[in-house]
Structure formats: structure tokens, C-alpha cells
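Starting off with a structure, shown below.
Letters A, B, C, D, E, F and G mark the chains in the order given here, with residues in each chain numbered from 1 onward.
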Amino acid sequence: MLTEILVSLFLLIGCGFMLIAALGLVRMPDLPMRLHATTKAGALGAGLMVIAVGLYFFGDVGVAARSAAIIIFIVLTAPIAAHLIGRAGYFVGVPMWSETVKDELKGQYDTHEQVLLSPAKGDKDAEEQSDRS
Amino acid sequence: MSTPLAWNILLGLIWMGFTGSFTGTNLLIGMVLGYVVLAFALRSVPAFANYTRKVPKAIGFVGFFIWELILSNVKVAYDVLTPTHYMHPGVIAFPLEAKTDAEITIVANLISLTPGTLSLDVSSDRSVLYIHCMYLEDEEEVMRSLRYMEFRALEVLR
Amino acid sequence: METLMALVVGGLFASAIYMMLRRSIVKLVIGLVLLSNGANLLIFTQAGMLRGSPPLIPLGQMQPEGVVADPLAQALILTAIVIGFGVLAFAVVLIHRAYEVVQADDMDQMKDTDT
Amino acid sequence: MLLAVLSAFLLAIVAPTVHRVTGAYSGWVLAILPAALFIYFASFLPVVGAGEALRFSTPWVPGLGIELSFWLDGLSLLFALLITGIGFFIVAYAGRYLEGHRDLGRFYVLILSFMGSMLGLVLADNLIALFVFWELTSITSYLLIGFNHEDAKARKSALQGLFVTVGGGLALLTGLIMMALVSGSYELSEILASGDVVRDHGWYVAIVLLVLAGCFTKSAQVPFHFWLPNAMAAPTPVSAYLHSATMVKAGVYLMARLNPSLGATDLWLILLGVFGALTMFTGVFLSVRSTGVKKVLAYSTVMALGTLTMLIGIGTEKAILAAMTFLLAHSLYKGALFLIAGILDHEAGAKDFLETGGLRRSLPITATLAALAALSLGGMIPMFGFVAKELLFEAVLDAPMLSGFFTVLAALSAIMVVAVAAIVGIRPYWGKPVKTPKAVQHEAPPAMLAGPAVLASLGLLFGLGLAWVDKGLINAAAQSVYGTPVSAYLALWHGINLPLMLSGVSLALGLFLYLNWERFRRLTGFMETLSKFGPERGYEKTMDGLVWSADWQTRILQNGYLRYYLLTILLSTVALLSYSLLRYGGFPLHFDVSDVRLHEWVIVAVLLLAALVSVTTRSRLGAVASLGAVGFAVALIYVLFSAADVGITQVLVETLTVIMLVLVLFRLPGFLALSPNVIRLRDAFVALLVGATMALLSLLASSQRYYPSIAEYFIAESQPSGFGRNVVNVILVDFRALDTLGEIVVLALAALGVFAMIKFRAEDRKE
Amino acid sequence: MRLEVALPVVLPLLFGALSVALWRWRTAQRITAVVGTGVLLLAAIWLLMSVWNNGVLAIHMGDWRAPFGIVLVADLLSAIMVVLAAITGLATAVYSLTSISQRHEHYGYYPLLHLLLVGVNGAFLTGDIFNMYVWFEVMLVASFALLILGGERAQMEGAIKYVTLNLLSSALFLTGIALIYGLTGTLNMADIADKLSTVEETGLVTVIGMLFMISFAIKAGAFPFFFWLPASYHTPQVAVSALFAALLTKVGVYALFRAFTLIFNQDVGYTHEILLWVAGATMLTGVLGAAAQFEFRRILSFHIISQIGYMLMGLALYTPLAIIGGVFYIMHHIIVKANLFLVAGLVYKLKGSYELKELGSVYRERPMLGFLFLVPALSLAGIPPLSGFFAKFILIRAGVEAESWGIVFVALLVGLLTLYSMIKIWAEAFWKAQPEEFAAKAPANPSGVKSMYFTIAAMASLTVFIGLWGQPIYLMAEAAALQLLDPRIYIDAVLGEGS
Amino acid sequence: MKHQLNIPSLILRSTAHFLLPLLLMFSVFLLLRGHDEPGGGFIAGLVAAAAIALYMFAVDIADAQRVLRVDPRDLVGWGLLLGVLSGVPAIFRGQAFFTAQWFEFTVPVLGYLKIGTVLMFDIGVYLVVVGGVLMILLSLAEAED
Amino acid sequence: MLEISITIAYFIISLALLLSFVRLVIGPSLPDRVVALEMIATITIGYIAVYTLSSGKTAFLDVAMVLALTAFLAAVGFARLVTKGGGAHVD
């Protein structure tokens, strides 16, 4: 009975986060923020649901190992996907929300030399950088 | 870190051999026992000392990270669920302490997994991580928490 | 469920056919993907659909517990999926090459060989 | 007998070698074979002349009733002797006539093959064997007519001849098959005995029409007569052989041959009589209007063929006897005249009578022979041709039906024949010498004179030595055609009677016509315009129409638009399926969605909507992304309904597909709105039709199950016999490993194909 | 256990795999090609003799008894088809040795050849409906790859239509399989037939049969589904065209013969009536298509279609004699059609063009080639005593016996029009003097002509042989037809007596 | 110059270095246990191919080929050969092609083992799938550059 | 108890699926759709988790495992395409 309660808890909370991620995906005003929602809430939700499975079959090592593997895989891949999509979206100029307060990445992509500049350093460094690469 | 880990796994396997039970649970038990052995018996060997010191830190970091994850998820959830948006988003350049590719990658991914922040890209000179933040009311505060996160991660990694 | 699946199969066939009837060769390929999905689901439907009873035998036993889903249909679908994938790979590269030589994503530019 | 027929083909194979070895004498050397065959066949004269028939048979495709069986009776012996006898002279003649021609070797091949085919045709007892040889004569004659193949006119004429004769041949084949089915045998010798069965059968009219279609085309009966004069594009020996003495008579032969089983009905009489008479008249009329040497002869041949057909149609004892006599006479004089035409061309370069005159000084022998042959043609006493003409008049006067019609046409024809005889026998040699295209150097060589000399002389000899001919061959032949022994006999002199008077009148009028030849041609000049609507125009129009309609239908069907191909196929499919569904109807249909759970509804909805989006979106990659969603939804359905392996595979394949599409679509442009809305609506309608049909079929089939699935066996045996707990995998690698093997072959092939496509391009780019 | 039933599938697969594995060594591949197809021919002949002597043979792959495992079944029709495929394969392989460029060899020409034969033979031999789908796909993808080998624009354009329409056909086939499986719960064709024979209400079966009919008719290139064929068959290397022309559509025809004698014989009056209409329309549209063409290979391509019509006519009339005719026609056609394409290839090698307008003088310069063209060309047109005559004769006789006058008329007319097309090629390419301006196109010293001649001559001899010694071929066709018309023989051979 | 970003992502690249061996091991795992649990040669092959495809995207094609060590065409060829040959041993026992042959033996540590030609077959499938998919993906990616 | 939770979970996760699908449809940019696609893959994992609980059959966790490991490859592909300029003119 306790297991059932625990399992239900994890399952429903997981589902909840999943729903939040989906809601965020719909409601958030621009691409990076949608990514925020899906990456974190999505991963967390899926993770919790998988943990629920692990708990339900408590003692079954096969299930435990697989549940763990799934969670690890999600944790490994979700941020990379988010990073790649976010980067791509930013690069091609998918518009950001109008109330975005700051953009330090702006203008840092040098498509001619194919480098991403760092803001702290000046143009000279950028040239050096491009020489090196 | 890898050699001691291999030793630890080996010890686990030996344990399995001793007990004659080849199941996952038994391996886990063997590895825990092996860790204990390493932590106490071989404390004097620097590599093992480092290893034994790190394992609790790593476990502590995972705990910390999961807590962070849940906490800030709630924040996002609140924002998502309520009709008005409270975000002040922006992209900031975060100067990296992490040096190697692996460190940078892990830090960047951890940052992405922590709500409110999302790693967009690393500058070509690897000095800066561009991060999209959702709540930039207090940039200093954001930077500080990011730096703390990086610190705790590097602590495990180095 | 079989009734609903009939609808799904019909829908997939219809979308596939519509796409194949377009002038764009890219749409043609998308149509092919949908078509193969439709056919595979049809096999699945015809075998009879059963929830939660995969055709797996528990360790140490000779027979599965209770009634299990039709493994033959699953094997057929697997084969069909793989074949479909191979064929699709070919088709995709073909349209790519065709586009390169014709320089248009338009079937109407490709009718010289017929007559 | 088989060897006799095949020997010609065998010699044909080595003919080029023989030609190369024997050089200038090749004609004579190769002519040994026909000579030998002639002697061989002549040796049967005593037996066959006594009214007996011999049969030789070798099985060929007995399963189909096809045998290589030969039947030697009077009729076939007469033809065999003509074929080999004239063949002998033709081969010898050709050796000289075409001396130095670069294709003489090939010519021998063809002419010998033709001879073999012709022999086979007239000797065959088996209907199908007969047809085989019949078609072979068409083909060899095609190649011979087109012998000068770099000349477009020769090619065209050859095609015309082939098309008309083979077309008729196909009708003939049907007729023969029907006849065989009706009579129960493919052997002529047996069919002839069951004439009553054939005549009483419901198929009789069809059989007659089909057989006659073959015979009329082959024997150039009106309205198919036009191909024969055009066939004169062939070298003269060919014209002499094929188009006077042998091939064109194949139709006549067959009508004569089948007379016992098909004849003796009003239909037969009317068809043969009327078409024959018309052909006779048309032929001679066109002949006398022509000036080209070979044209005149060719049309007069048409006349002869018409005459023969008419006589067979009349079918009385006398008519048959007349036909056989006329057949022999005509072969003799017409062969000679054609060969002489060749001499005129060879020595004087003359192809038109208007280019000739007064040649009797430079070509005295030729002139004599021409006169002799022309006398027979004109039906002068005491030539063999006279006997034939008298018999002809007797036959038409005695005809059981339409006697007046036949007589009038025969008389008119006789008049014109006299004129034709004068044109070919007098015109080139008498009168004022005319400058010929080529100055005559000398008489033709012996090889070329031998044929005309013997053939023309025989015309005289047979006329004089009638009794000899009568007792032997002609009677036997007539007996074959008539069906029972013939009691009539040949005579040079029947006393003064109506036929003789007709002959006299026609001689006078014919000579008058000859003297007014120029005027006659002018007066009948309107025929030129009329011929624009003649059967040859019909043939040309048909051919043009054929090409035009072929072009039209191909442009409609094979239009190059893939989507129309698809539309055609899909609409046909829907039509066929729905018609079949309606035809059987009343299937049990269980429409039940009560068992569907909420989340399944959602997944299905998402699946269908994603499909819809991938169909309607304007964004190419958006479509790909939606496709990915479809894939995941499908994978979910697999998972929710117990298919784990399939689910995994679906996910993996979906992912790889997306990657592949992304890699490939990279350079392609976005979607354009290429079709107007009406077209979209139409396509959507068709698509929905197909979808609905498939859905209905799926529903119907899943509402029924005749037998439980064999899957139970796999589930039961997977672990005990296959040693695996994953039944699906055991099926894949063991129970149905062959499927999997095929599947990886497909994958390997696809990879090879993709690889080749890309590498070829890469290499092309480098170049 | 009958090894020989599986060899025609296993051998080319083995050689194909070897050929892929040895992709670096061109010579090895060339050797594999000739040896592999040669061995295949021997195996095929073994199979044919074995079936002739022992009746229908079956091998249960993996020793799983029917209907559970996959069975390879050889009745006479299958064995005959396999022999024909092997002959064509060997001919193509030898012909290719000198007609295919090194580049083609480098990019997998020979493996594709072997694997195509795997698919074709698999389709002929399998006794399992889904397995047939798999072999169809093997054949199809191999043909896709062969079709585009060379990468020219025309190839791409043709291939798109070819691929699309054939995939549609595959999808319909798969759909049909799914439905049949749903109804009968089995995939083994003999088992399906056996089970369906006990079912009373077979309307739905016939409806599903229509799906198979359409799918196979697309593969067979029948009216109105043939569009892919003229769009593509003239585009690849001519050896490939020859192989396609001989085998691919025939697999469709074979499938129709198999399905509509063994499985879908519930309502012959309806299904075969439809087939008869299809047959007639196929003959006519195909031959008219050819009449409108002026390119060597295109003419030949359209003629494939019209010839398919004849084969279908045999099936559609559904009398013993008609089926004999159909089988005979297939045998004759495969050899003749392949050879005509091979001749076209040689003419191209000598003259540098396929356009009739640009060709000429071939007969003047190469009388032997002229003869070698005439043999298959006249055979195709049904001129006696060549193979095609007997084929047409049997069919027409069957038509007359069935009093199907319409189809008899069409068959005769189409024969005449076929002759017209063949004569067109003959007159234009062989007889006519080649126009000066195109004479330059001819390569100066075409090499490797000999092995091409050899292949063509060997195939022509076969055509002549079938004509002159028609009896054994007829007997074989007759025996094959009798087997087809008594499905019980097949069913018993697969499932065991008294099943 | 076209507006494109050709800088490979450092994050993706270093993850790929880590994910590649993980995925490859995972694929071998799927291959070996396929007879008893979901998996098998085909699925395993796809996972392996996906792993190398990832490496290809993340690092570059040449590196991906280097990691692979063998030409994909060899994989296809030898995989096919292996697949066919796995069906051949049966005929030496007088059985039909593709009759599974099982060899049972007891290995010290691992214990009782039952290995059959079906595994050989599955490995053949695996190799063909890996080789085939890679041939397609690698040549496509090469063509793109 | 668990029954009810599973039913609720199915409901909620279906809602999530629908919402994600909405994003897939409305875009507006290609990266937006890709995010939605990734989300759908994650939701699929969630479905499998619920389904495993409801059926008691753990075999389906393998599907989730493969999905977790490979689904992001599609995103990798899309991202590569977009950054290389393939998507710029599309949406």
C-alpha cells in the first residue's frame, strides 16, 4: 500500500511536470523560454515517472537498472538538444520576446571567420583567435 | 578518477565471485563493500584518497542538484500556470572557470538542466558561456548562483 | 479499437495519396513515408490488438502467461518497417539527385523520358 | 519429302559460301538443287498421274496437332514441279542478271529459302505446317522485294506487301484453326473428307471469310491487288518467280485445295466468282493502261489471279480443268515474259515500253522468245494459252450462277489481253528503233536466255502435245481440286463454237485496241484521279491513321505526368474495389469504438492531425517534423498494444528517417504552391476516396476471421524449439529467417544504390 | 529434403554477398558474375529436371513444418521461371563483361545483378505470401539501383516514376497480405488456399483478390498501370534493360498466375473476366505505344507491355490450353525480349545511337547481326516457325475454343502491329543507308563486340530451338498448366497429403 | 559567403566522445539479448549506426569513418555473407537451409551456454544494418559538403 | 488507488501531448517545431512509464531507453541543418 502511494505520488507529480512543460511550450513567448520549459520540466517529469516505475517494481534489478539508464540518458541528452536548438534558433534570428532585457550574444557570431567571439575581450583578441583557428 | 573506479568495479566482481551470485544487486553490494575497503585500507595511496574523498562529494552534489532542479522547476511552473508572465529574460556572457572540454560540457549541461538558465553556446576561445536566463531582475544574483553551481561541479570533477 | 484503427489507416492512406499527387518531389517522399506507416498499421490492426501482453516468455518458463499479442504480425511489421526504411533511403537520395539535375522541386519538369 | 523441302533451306545457309567459291558460275551450281528436286518430283508423275496421293509425316509438336506432314497429289505435284522447274531457271538466270552485285550471296540465301517455303506450302498436309510455310513465303518475299534496301521506295513497297499478306495470313490462321476445330483434324487430307461437317457448321461463313481474307490478300485479289505492282521494286528474277509463277498463286492454291471442303456453296461461288471476275477485269484494264514493262506484266498477273479465283469459284468440272490449265499456261508464259523484261532492262536499260522499239535487230533471240510467250498470253492457236482461254470461255458460259456477268467480263478481259500481248510481244521489237537508255551491246548470256527459251517453248509444246499433258498432271490436279476424278479432257480444237467465236472477236478488237493504245490511255486518263480513292489510298490512310492514333493514345496515356499516372491507377483501384464490394455486398460490419480509452483517442487524434499538418504545411521541414510526430504516435500505438520490438524499431527508424530527410532536404527549396485550388480539391477527393476504401476494407476484414492465426504455434514453440523467450525475435531469426535475410538484402541494396548515386555524381562533378 | 529447391535463391545470394565483400577487386567480381550465374543455371536445370521427374517439390526452410515456417515450393511453372531467370542472368553477365563501364563495375553492378536474381528467384519459388513481398522488394530495390547506375538525368526522371509506382504497388500488396492474414490467420499460400476452400461466403476474399490483382498488374505492367515501364526502361545500361525486360514484369505475371490459380479461384467468372479485359487493353495500348516510338529501346519497352497482354490472356481464359499458351508465351518472351535489347545494345555500340532516324546500314555492314535481329524480332511478331508463333498459336486456338472472339481479334491485330514495329526497326536501322551526318557518331573501333555477339547468338539459337523443337517445350508448358489448374497438387506438396 | 554557422558545438562534440562508446556498448547489449528480450540484430544495428551518425554530426565525417575503422561496404558484404552462411551448416546434417544448429557447452565462470547459428545470423543482420545505414548516411553527409 | 492514478496520469499526459502538438502545428519557426517534437518524444517516454505500470510488463522500458538515447539525434540533425543555412529561408 505504501508502495502504491509512493508510486502514485511520483507518477502524478511527474505527469504534472510534464504537463507544465507542455503548457510552457505553448504559453512561453519565445523559443529560448519554451526550451527552458521543456528541458527542465520535461526531463524532471519523465524522470519522476520513470522513478515511479522503478519503485513499483522495487527489487527487480533489471527494472531498476533500466529506469536508472533512462533517467541518465534523459539527463545526458536533454540539455544538449536544448543547447543545439537554442543556439540554432538564436543564430538564424528566431525573434526573442520583446521584453528581453539583455543580449550579450548579439553580434558575437562572426560568420566570416566562423568564430564565436567573447565579449570581454576586444577586437584584437578576436583576430588572434581567428589566426589560431 | 578512472583507475580507482575500475578497481572498485573489479572489487565488486571479485565479491560476486566469492559469493557465487551473479546478480546486479550483488554487484552493487560488492562495489559498496569495495568502496569501503578502498576508503579505509588504501587511504595512503593518493589516487585512492582522492577517489574516496570525491565519492561523497559527488553524491552530495547530486543531491544539491536535484534540489535545485525541483526548486526552480516550481518557479517556472508558477510562471507557466499563472496567466501573467513574470520573466525578465536575457542572454548573458558567463566567464568560465572550467577549462577542459569535459568540464565545460558538464557545467554547461548542468546549467541547462537548472531552470531559469539555458546554455546557448561557448565562445570559440572557451572563456565565456553564453546563457539565456529567464529571470534577470538581479543579474549579480544569477551570476553568483551560476558560479556556485560551477564551483560545486568542478569540485567533483577535479 | 480495430474500428478506430481502420480510421487511422484510412487517414494515413489518404494523406499519403494526397502528398503523392502533388507536383513537389519532396512531398512525394513524405507521401511514401505515410503510406508505409499506413500499411504497417493495417497489418497490426488485422492481427487483432491486445493491450499489455507482449509476446515474451518469462525467464525459466516455456510458455508466456496468458494470452499474448500476435508475434507473427509484429515480425511482419518489423520486416516491413526495415524494408520501408531501405526503400525510403533510396527514394530520398533519388529525389535529391533528381533535384540536382533538374534544378526544380517540380515533377512537371521531369516528363521528358516518357514519350 | 521432308528432306526435299528442307534441302532448299540447308542450301540457303551455305549459299554465300558456294557463291564465293564458284564465282561467276554460282547461278548454275546452285541451280542444281532445283533441278534435282524437279527430277525428284517428276518421278512421282506416274503414280500421282494415276490419281493416287502420297502422304509423308514427321511429328513436330504433336501435342498441338502440328505435324510436318506432306501430301503429294495432283495439285501439289503440279505446283511442286512449277516451283522447282521455274526455280531452276530463275537461279541460273539470277547468277548472271545480278553478276557482280555485292549482295548476290544474300540473294541466293533468300531465293532458295523462298523456294523451300513455297515447296513446303504446297506440299504441306498439316494446316499449321501449311501456315508456317505460308508466312515464311511472306517474310522471304518481303526481304526479296526490299532487296535494294537502300532505296526508300523498295522498303516501302516491301512493307506494303508484307503488311497486306501477313494481315491476311492472320485471318487465315484463325480460319484454319476454326476449320480444324470443326472437322476435328489439322490434316488437310482428313479435313477434305469432312467437307459436309464444315459446311453445315455454324462457323462456316466465318471460316470462309477468314480463309478467303488470307487467300485474297496473298493472291492480290481486288481490293488488295495494289501491293503486287508495287512489289515490282524487286529484282526481275524475283518478280518472275514470286510475283508471277509461285507466291501469288499460293492463295489460288489454297482456294483450290480447300475447294472440296469449303466449296460448292452459293457463298463460295459468289465470293470467289465475283471477286475473281472483278480482279480479272481490273487487272487487265490496269495492265493495258500501263507503260512500265514490269507494271504491265504485274497487272496482267493480277488478271490471271482473278481468272483463276473466278474459275475455282465457279467450281464446275470444266471450270476446274480450265483453272489448272490456265495456271500452268500462265506460269510458263508469264515466267518467260518477266525474264525477258529482265533482259530488256539488263541489256537495254529499258524499264518502260515507251523507251523501246525495233529491238528485234539487236536482240533477235529475245524478240523471238517474246513473240512466242506473247502468243500464248494472247491465247493464239496453237499455243497452250489458247487451250486455256477456250476452256475459260466454256466454263463461264456454263457457270451455274451469274454466267452472264462472268462471260461479259471474261470477253472484255480477253480483248484487253490481246492488246497486252501485243504490247509486250510486238511493241519493243518491231517498228522504228528507239534509242534505249543503254545501247544494246549483245544478246543476253545463255543463262538468262535459257529460262525464257524453255518456258516459251513449253507453251507451244504443251499446246501441240495436249494428250500428254492431259493424261497426266492436269487431270490429276483437277481431280484434287474437284474432289472426284475429272472426266473432261483437253483439246486444241473443239470445233467452231461460241468460245471460238468469242476468241476471234476478242482478237480483232484486241488488235484494234493495241493500234489505238495511245488514245485509249488518254481516254482513260480519268482513272488517275479515280485511283486517289482506290484501295491503295485506303491502305495508306489506314497506316497514317494507325500512326496517328498510336501517337494520340500514347500522348494521352504516357503523358509524362506522374500524378496522372497515379490518379489513373488509384481511380482504377477504387473503382475495381468498390464495384467488387457492391457486387458481393452485405458483409457483417462491426462498428465499435467503445473499447477505446481516452489516451488512445488522444494519440490517434494527434497521429491524424500530425499527418494532416505534414500534408498541409507550407514549410518543408515543418512537414518533416510533423512526420516525426506521426512516427512517434505510431510507435506509441505499437507500444500500447504490446509490440515492444516494433516500437523500438519504429522509434529508431523514425529518427534515422528524419536525419536522412534533413541531410537531403538541405539544398532543396521550400514548397511552392504549384497547383490551383481546384486541383487540390480534386486530389483531396481522390485521396479521401482511397483512404475511405482502405478503411472500409480494414473494417470488413477485422470483423471476420475464418481461422485462428498460426501465431499460436510460434508462441508455443518459441522457447521449447527455438530456445528464445522473445517470440518476435525467434520468428525473425529462426522461424522466418528467410524473410529477415531478404530484408537485409533490401537494406544492403538500398545502401549500394545510394552509394552509387552519390559517388557517380561526385565523380561527375570532378570531371 | 530437397536442396535444389532452395539453391536458386541461396546461390545468387551467396555470390552476391561475395561480390559485395570483394568490391575492391574488379576481376574477382567479374569472375563471380559469370561463375555465379553459370552455376545458377546448372542448379536451375537440376531443379527443373527434379520437378519434372518428381512432381511439385517443397523445402521447409529451417525445418519448420508448413504452414508455420517459410516453404520454398517448386512446381513446373516456378522451375521454368527459375531456369529462364538463370538463362537471362548468365546472358546478361556475359554480355556485361564488355558492355559495362568500369565505373559501373566499381559501384556495384555485379552484386546488384546477383541480388536482383535472388529477388526474382525468391519470388518464383516462395510458397509464402509475405515472403513473396520480401522478394518483390529485393528485386525492386535491386532494380532501383541498377536503374540509376550511371546517374544521368533521364535515369533520374525515369527512376522517380518507376520507384513511386512500384512502391504504390508494394503498399497495395502489403495491404492485401494484411487483409488475407486477418481473414485466414496464415501466410502460407497453400494453407491460404486450403483454408479458403472450406469457406462459403467468399465475396470478401474476391474483393481482396482485387488488391492483389492491381498490385501484381502494376508490377506486370498491365493496362492501365504500366506507366512506369515506358518511362524508365530505356534509360539504364542496355544490359540492365534487357534483364528488366526479361524478368521484372514477368515476376508480376508469375504472381498473377500463382494467385489467380491457387488462391483466388472462388469467382473465376468475375475475376478472370476482368483479367481478360485488362489483357486486351494491355495488348492494344502497348503495341500502339510502340507504333508511336522511333527509338530502338522505347519501341521494345512498349512491346513488353503488349506482350504481357498475351500472357494475361492465357490466364484470363482459364482453360488448360490457354494456360499452356500463357506459360509458353512467358518462356518464349523472356528469351526473345532480352535478346532484342541486347541487339539494341550492340547496335548502339557499333553506331552510337538508339534513334532510328540516326541509325542505318547495319545490315549492309553486319549481315549476321541483321539475321540475329530478325530471329527474335520476327519471333516477337509471331512469325513461324519461331517460338513466338507457337505461343500465339496456342493462345489464339484457346481463344477460338472459348469463342472469345474479341480477344482473338485483338491478339491477331496486335500481332500484326508488332510486326509493323519490328519491321520499322529493321527498315530504319538495318536496311536504310545511315544518314551521313550521323555516321560520325559511331565509335571507330568498338571493342568487346565478340562476347556480345556470342550472347546474342546463343539467345537467338534458343529462340530457334524452341521453334523447331517445340514439342518438349509444349509438353512442359502443358504439365505446368495442369499443375496450375489443380491447386490440390500444390497444396498437398506443401502441406502433405490429405491435409 | 552564405549565412551559416560551421563551428561545431564544443558541448555536442565532447558529449559525443562520451556517448559513442556508451551507445556502441548498448547496441552490443541489445544484440546479444535480443533472443530473449526486446532487441536483436536489427535494432542493435540501428543503434550502432545512430551512434556513429551522432559522431558524424558532432565531430566530422572523416573522424566518424576513422572510428569505424572498416569500410561500411565491407560490413555489408561480410554481414550478408555471414547471414547466408549461417543457413548453410544445416545441410551437412541433412536438414534444410537455415535449420538452427545449437551448440551447448559449459564454460567455467559463465556456466551453461547454448549458442546457435541464429546468433551468427543475428550478427550478420547487425553488420549489414550498421554497414548499410552508414553507407547511406556517410555518403549523404559527404555529398552535402 | 494506483488504478485511479494511472487513469489520471494517462489523462494528464494526453493533455500534455495535445499541447505539445499545438506548438508543433503553430510553430512559428522551425526550431519551435523541433522543440515540440522533442517534447513529444519525452512525453512518449512518459506514456511508456504509465503503460508499464498499468500493464505490469517491463519489456516496454527498453523502448523508453532507446527513445531516451536516440530521440535527440533528430534535434541534432535539425540544428545542424538550421545552422548550415538550410532552414533560414524556410520558415
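The criterion applied here is as follows: a contact is a pair of C-beta atoms (placed from the backbone, for glycine too) under 8 Å apart; a residue touches a chain by one contact, two chains touch by 3 or more.
On a predicted model such as this, the values are computed, not experimentally measured, just so you know.
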| item | value |
| --- | --- |
| Those chains which touch chain F and also touch chain B | A |
| Where chain E and chain G overlap in contact partners, by chain label | C, D, F |
| Chain whose Cα centroid lies at the greatest distance from that of chain D | B |
| Which of E-F and A-B has more C-beta pairs touching across its chains | A-B |
| Chain centre separation in whole Å, for chain G relative to chain F (CA means) | 26 |
| Gap in Å, rounded to a whole number, between the CA centres of chain E and chain A | 57 |
| Chain centre separation (chain B, chain E; CA means) in Å | 65 |
| Mean-CA-position distance for chain D and chain C (Å) | 50 |
| Chain C residues counted as touching two or more neighbouring chains | 20, 28, 38, 40, 42, 45-47, 51-54, 56, 59, 72-73, 76, 78-79, 82-83, 86-87, 89-90, 93-97, 107, 110-115 |
| Residues of chain A engaged with two or more neighbouring chains | 16, 23, 35, 43, 62, 76, 78, 80, 83-84, 86-88, 91-92, 115-116 |
| Residue list for chain B, restricted to those that touch at least two other chains | 108-109, 119, 121-122, 124 |
| All touching chain pairs, where touch follows the definition stated at the start | A-B, A-F, A-G, B-F, C-D, C-E, C-F, C-G, D-E, D-F, D-G, E-F, F-G |
| Interface residues, chain D side, partner chain C - complex | 554-555, 558-563, 566-567, 570, 590-593, 595-596, 600-601, 604, 607-608, 611-612, 614-615, 620, 623-624, 627, 630-631, 634, 637-638, 640-646, 649-650, 653, 656-657, 660-661, 664-665, 667-669, 671-672, 674-675, 683-684, 686-688, 690-696, 698-699, 701-703, 705, 709-711, 714-716, 718-720, 725-728, 731-732, 736, 739-740, 742-744, 746-747, 749-751, 753-754, 757-758, 761 |
| Sites on chain F touched by chain B in the complex | 7, 9-11, 13-15, 18, 109 |
| Chain E residues within the chain F interface of the complex | 1, 3, 6, 10, 13-14, 16-23, 59-63 |
| Chain D to chain G touching residues, read off their complex | 597-599, 602-603, 605-606, 609-610, 613, 619-622, 625-626, 628-629, 632, 635-636, 639-640, 642, 644, 647-648, 651-652, 655-656, 658-659, 662-663, 665-667, 669-670 |
| Parts of chain G lying in touch with chain F, wherever the complex brings them together | 59, 62-63, 66, 69-70, 73, 76-77, 80, 83-85, 88 |
